[in-house]
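These notes concern the structure reproduced below.
In this document, chain identifiers A, B, C, D and E correspond to the written order of the chains, with residue numbering beginning at 1 in each.
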Amino acid sequence: MIVDSALYRGGARAEVDCAPHDYPTLRAGAKHEGDFVWLGLYQPSQHELEEVAAAFDLHPLAVEDALTAHQRPKLERYAGAMFLVVKTLWYVDAEDAVETGEVAFFIGPDHVITVRHGRGSKLAPARELLESGEEQLLTEGPYSAVYAVVDYIVDGYVNVMEGLTEDVDEVETSVFSDERTQDSARIYRLRRELAEVRRAVMPLREPVRRFANGEDGIDPDLRPYFRDVLDHLSSISETIENLESLLSSAFEAHMAQLSLQQNEDMRKISAGAALVVVPTLIAGVYGMNFTHMPELDWTFGYPFSLLLMGVVVAGLWVFFRRSGWL
Amino acid sequence: MIVDSALYRGGARAEVDCAPHDYPTLRAGAKHEGDFVWLGLYQPSQHELEEVAAAFDLHPLAVEDALTAHQRPKLERYAGAMFLVVKTLWYVDAEDAVETGEVAFFIGPDHVITVRHGRGSKLAPARELLESGEEQLLTEGPYSAVYAVVDYIVDGYVNVMEGLTEDVDEVETSVFSDERTQDSARIYRLRRELAEVRRAVMPLREPVRRFANGEDGIDPDLRPYFRDVLDHLSSISETIENLESLLSSAFEAHMAQLSLQQNEDMRKISAGAALVVVPTLIAGVYGMNFTHMPELDWTFGYPFSLLLMGVVVAGLWVFFRRSGWL
Amino acid sequence: MIVDSALYRGGARAEVDCAPHDYPTLRAGAKHEGDFVWLGLYQPSQHELEEVAAAFDLHPLAVEDALTAHQRPKLERYAGAMFLVVKTLWYVDAEDAVETGEVAFFIGPDHVITVRHGRGSKLAPARELLESGEEQLLTEGPYSAVYAVVDYIVDGYVNVMEGLTEDVDEVETSVFSDERTQDSARIYRLRRELAEVRRAVMPLREPVRRFANGEDGIDPDLRPYFRDVLDHLSSISETIENLESLLSSAFEAHMAQLSLQQNEDMRKISAGAALVVVPTLIAGVYGMNFTHMPELDWTFGYPFSLLLMGVVVAGLWVFFRRSGWL
Amino acid sequence: MIVDSALYRGGARAEVDCAPHDYPTLRAGAKHEGDFVWLGLYQPSQHELEEVAAAFDLHPLAVEDALTAHQRPKLERYAGAMFLVVKTLWYVDAEDAVETGEVAFFIGPDHVITVRHGRGSKLAPARELLESGEEQLLTEGPYSAVYAVVDYIVDGYVNVMEGLTEDVDEVETSVFSDERTQDSARIYRLRRELAEVRRAVMPLREPVRRFANGEDGIDPDLRPYFRDVLDHLSSISETIENLESLLSSAFEAHMAQLSLQQNEDMRKISAGAALVVVPTLIAGVYGMNFTHMPELDWTFGYPFSLLLMGVVVAGLWVFFRRSGWL
Amino acid sequence: MIVDSALYRGGARAEVDCAPHDYPTLRAGAKHEGDFVWLGLYQPSQHELEEVAAAFDLHPLAVEDALTAHQRPKLERYAGAMFLVVKTLWYVDAEDAVETGEVAFFIGPDHVITVRHGRGSKLAPARELLESGEEQLLTEGPYSAVYAVVDYIVDGYVNVMEGLTEDVDEVETSVFSDERTQDSARIYRLRRELAEVRRAVMPLREPVRRFANGEDGIDPDLRPYFRDVLDHLSSISETIENLESLLSSAFEAHMAQLSLQQNEDMRKISAGAALVVVPTLIAGVYGMNFTHMPELDWTFGYPFSLLLMGVVVAGLWVFFRRSGWL
């Protein structure tokens, strides 16, 4: 599906009199230095993409990768053109889960083609921000569009990290609360989500570093902007490592808490048992059948025995309380 | 055993009028630039392989390696010819196990000799795909055959990873299920299988990277194809690491579940014990032999005592239920 | 908020007849080699900072970073000017917690602008020390001010490390004490604090190493001073690693202690139980209703039975004491 | 002790008319390109070695290292001569232990001196194989002797690895068997043995890699042979890592099994206890002294009570069996 | 405190007619190539050191480092002179503890100044050995003194490692002994000591490697000697790693032993409990008040019941023995 297609010239959207999918005409319009076509596709069919590939001379292996989602983030050069894959991430609050999509970029001297897969990561805001001219980057050629989209996607990562940071904080509170909690399952799930984010963020650093270093013929004025994105990625990857290590520590602490609880329960149970078995012994003694047991014939022998039991139980209670067993 | 032997010229199988094992004639046919002989052997005897070695001037150390299986994946240069070893993997569903075979390649300017060991990894489909000309690679010389076979083998790795990913998902479900499961044995087995895959995949990355970088005189047009294989290998190795770390987390969670279960069982047992020992105490009390125990002479003393026991048991039951011990 | 602004010339504060925020006049005063303006800001408003940015030609991306706190330590070059971010740390004794602030530096040939965020890390002492001329560094240009402030901040790190080292010592003592302690929560908290310090210290090493290597046009005479700071950072990072590994060992030892305690408690409880159930058995025996039980008719049968119980209990007591169960 | 000393010329042992310890005469015989003396010593006295050192100009530090065993594998250059230390390993089946010896090599243009320490690693077979001329390497000068010995020693490593692999397999079986086994001690011992092998194998890779790369003036024809040794070492080190990680996993699984067993035992014990305490309660009830207890006067009251106990015990038995507690 | 000061010329101590602290005269004596002054200080006051610094042109930052102990091992160049810090270690048998001192070296073309801190690491033996001329190194200039001292210090490390290795062996024996031991505390302490040694040894390798590589203008004849020291350091660091990994394994094994012991104790306790509760049940049965209980009236009913109890207990005893519970 074609989402949008436009020709940019001198920092603004230029009017081209043709259908959105009349690619050759569009491309032919990008005649001047800095002109470029930005074509946005959403889960295109093989046919749609092949039409585009023919018009912009895309490499068949790159086209194949762009068609099937589930690629790793990567940057590859195919005879003068670049092929970039970036993962999109968003946080689904209801399930504490991170979902992923994918955007593939074909970057040539006169075009940028973005192919998006997955719900929840529309690129329109990035295009709008760029067109608004707030950052005056459009005059820098196709990489300005790449920057706009990648920056927008990386901002999405930041949101995801905030969601996950909050989740880890909750786990932390839960582990050290006195309630019996099933934290290990939640820790496991968060670790899996973090690993997913890691797989999206880590491999993206290398391509962005290359852009920030001005490789691949990027305009020097754009370099600080890509460095800014790289800085965001570094900060995110630091947060990932921090959360992972917090989860590890939290899990270990959880194990210690379980062990502690086991011990406390055992002592509580034992103290409770003592409160029953000791009076049982007393009852056993007065249940013996000796002929000569003076207490048995006392008028208040029975109440005395109950009192004895009560006193012993109370004494044990106080003793166990003091030793912290009850 | 010779599986197939053929001369390829200009992108197609050329007819050569000789027996399949008449190697000198076959080799002599490869006169033009890009011509090459592709000889496929399956667990050859020492004699068979030495005949081949004589015809194609293979280095004795490489021949020795090709004879005995159980080599590590590697790429070695012997005076102008390359020797490549690749592991084949397949997933045996019935046993959740990964089995391995091996393919050794002798690669010269005018020949590719593949020596296969182990069941379950026939290379015929790779040869057929190449001959079908779908990817028009055969004109690129012997490395096109190397690409075809390696690509086919790596596709096999992907299948294995899918099987293992499914197994890890099952383990995950099992660990967090309420049933008592023997997950540690399964986790152990999966780890061992993953280590086996790792040993096949990791050392293969370096040779493929060299091919993708165009070292060893590979045709530039083939480079993107080897880069594609490298990309697959990277993706597989990422999956391996992910599964390994999931298994680690799952094992830890399993330990936590065991600890939790231990605790729950202990509390359940203790609560159950209380339901027996408390009425035993009551029976003990009414078993005492005091002369003056008014209850003993009541008409309904006995039913009363039973009722008392019942009430106490019921009370304890409610109490333990509420505290989550039963 | 402008904290201080001054022009330094020939190693001393030079009088400039203008308001503190008359930046163009200040800057114009820095005419000679080695002259520079040092402007200190504390949590400036966007407006304040933009005024400064205009007067000193600061790059908009760097200005944005300086406005919002929560940056990572980093050094970036923007067309001839450097942008440095350093974290400040201080130790809050009452809560055993480490708090963080941030100082951003804009460093040009004729100016240093420090932008501070967060309480508890006033830079005035650094400026005073530098002006006191004790180390005679002011003649070395703007980097002497950078050195003065960074050295002062890193001295703050050393204090924080001392606080944390003391905390770790306390944890160590607590883990191996005989008292039941909730060490896992404290270990967790200390690990989290250490990770925070690590995030402040580690990324700062690279910029300081660059200064110490004389990159970025730093005066050779200043290099040993930055190397000294680098040495402090290395020593701190070594301490961090040491404390982290001590905490890991302490946690493991804590788990072992819990396990040991569990075992000891179990044996103690069992021995205690034996002291009750064995006399209960004796009482049960003399509670049997056999017609012919000679002891029952003995005059001293009852005291004898109590004595028997006492002897048995005493014997068990001695036995369990000797085996270390009680 | 001198084990053997000979002059090799043109690929064969040359007759020299002198005593085995007449080193100067021997050395003088090595006049032509490729001639070399191979002197084999076994735990030489300081005096013996100093005589050799004087005849062959050996560096005193190297001589000192060769005298005292317990060196690490290493390769060092002393003014034109090389000094190589290699560990020998053998597996003692009776004790599941790995024992180590040591061979030091002094390698000059016209001599190889091997100094062996420790039982169980005689080098005679290596010399015989080389002299047999099977691999036609003797014409390649002193490094052919180095290759012959190192190859022979590394073959010994392979045997050790086979022994250890078998041991790990046994541990694996034992961990997952239903019997209670003391696996942790065996795992510990195997880890220690593996670490010993690791210390012998890992540092040897670098010297062999240098020989395989043709550094230190090694004949190009010998390079593939050293590469073959390097390949063996890589394969061994891979096996070491694999066994280490299997042992780690096995240990973790062992802990899980212990925990599981603890839980099962606890449930079994509790169920067993229930089978005793519940009939005890019944006996207690019928031991009460109420005047009006109809059952007591029934003719078959006693058998009835026993039957009741039996039925309850049987019921509990079935119940616990079904829930998997017994 | 000045420990010793001397001028060395041509491999021997030269007579200089001046007070030990008349540094300018001493230095002036070192006129020829290879002459040098060796000044040994022990915990000098600031005044003493400043006097030395003035006479030998030492850099103020290096002097500051030499005054305050607690530096990390390091090598730094200050305008033509080198500053080296080395840790000294010694093993205190009584406490199983490692104590540390420190030696700082100022190395110039005509002088070596050693500044020692901490008890237990006198350098006199190193000076004596050097002066004895046994290794004929004194003619090599100031670095021969550096070698002598560093070699002497590193020999001290070897002693420390022997002490620690013995301790680890004891821990190993203790962990697998049948006695209940508090191994976790000792393991913790040993880990801490090892970390201390590691911090002394690891950073020293880089400076010694530089000396061994002949950097910093060291005489080629001295290089093998520094390489020998480096070899010692490598061997020590290997031992450290080995001991650390043994302690890790020992700790894990200790945890397994605790778990095993817990299980065994639980089974022993349960079997013991059965020996009491089962006869209690029998006593309870004969304590029932049924009118018709034939056994009660048997003449030998009471002995019979006791016999029954004895038989049951004996039977249980045999049963539990056989199942390994007792």
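Basically, a residue touches a chain if its C-beta (ideal position, glycine included) is under 8 Å from a C-beta of that chain, and two chains touch if they have at least 3 such contacts.
Everything numeric here is computed off the predicted structure, so don't read it as measured data.
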- Item | Neighbouring chains common to chain D and chain E, by label | none
- Query: What are the chains that chain A and chain B both touch?
  - Reply: none
- Task: Same or different, please, for the chain B to chain D contact, judged on whether over half of the interface numbers appear on both copies.
- Result: different
- Fit chain A to chain D on CA atoms, both being copies of the same sequence, and give the resulting rotation angle in degrees, nearest 5. 145
- Message: Could you work out how far the Cα centre of chain A sits from that of chain C, in whole Å?
- Response: 27
- For chain B and chain C, let me know how many angstrom lie between their CA-based centres, rounded off. 43
- Task: Could you check chain B for residues that touch two or more other chains and list them?
- Result: 255, 259, 262, 266, 273, 277, 280, 284, 287-289, 293
- Query: What topology does the chain contact graph adopt: line, ring, star, complete, or other?
  - Reply: ring
- Note on the structure: Following the ring of touching chains out of chain D and into chain E yields D, E, C, A, B
- Message: Going by the contact rule set out above, which residues of chain E touch chain D in the complex?
- Response: 172, 176, 224-225, 227-228, 231, 234-235, 238, 242, 245-246, 249-250, 252-253, 255-257, 259-260, 262-263, 266-267, 270, 273-274, 277-278, 280-281, 284-285, 287-293, 324
- Message: Looking at the complex, which residues from chain D come into contact with chain E?
- Response: 59, 61, 71-72, 74, 76, 78, 180, 182-185, 187-188, 191-192, 195, 199, 251, 254-255, 258-259, 261-262, 265-266, 269, 272-273, 276-277, 279-280, 283-284, 286-289, 293, 295-302, 305-306, 309
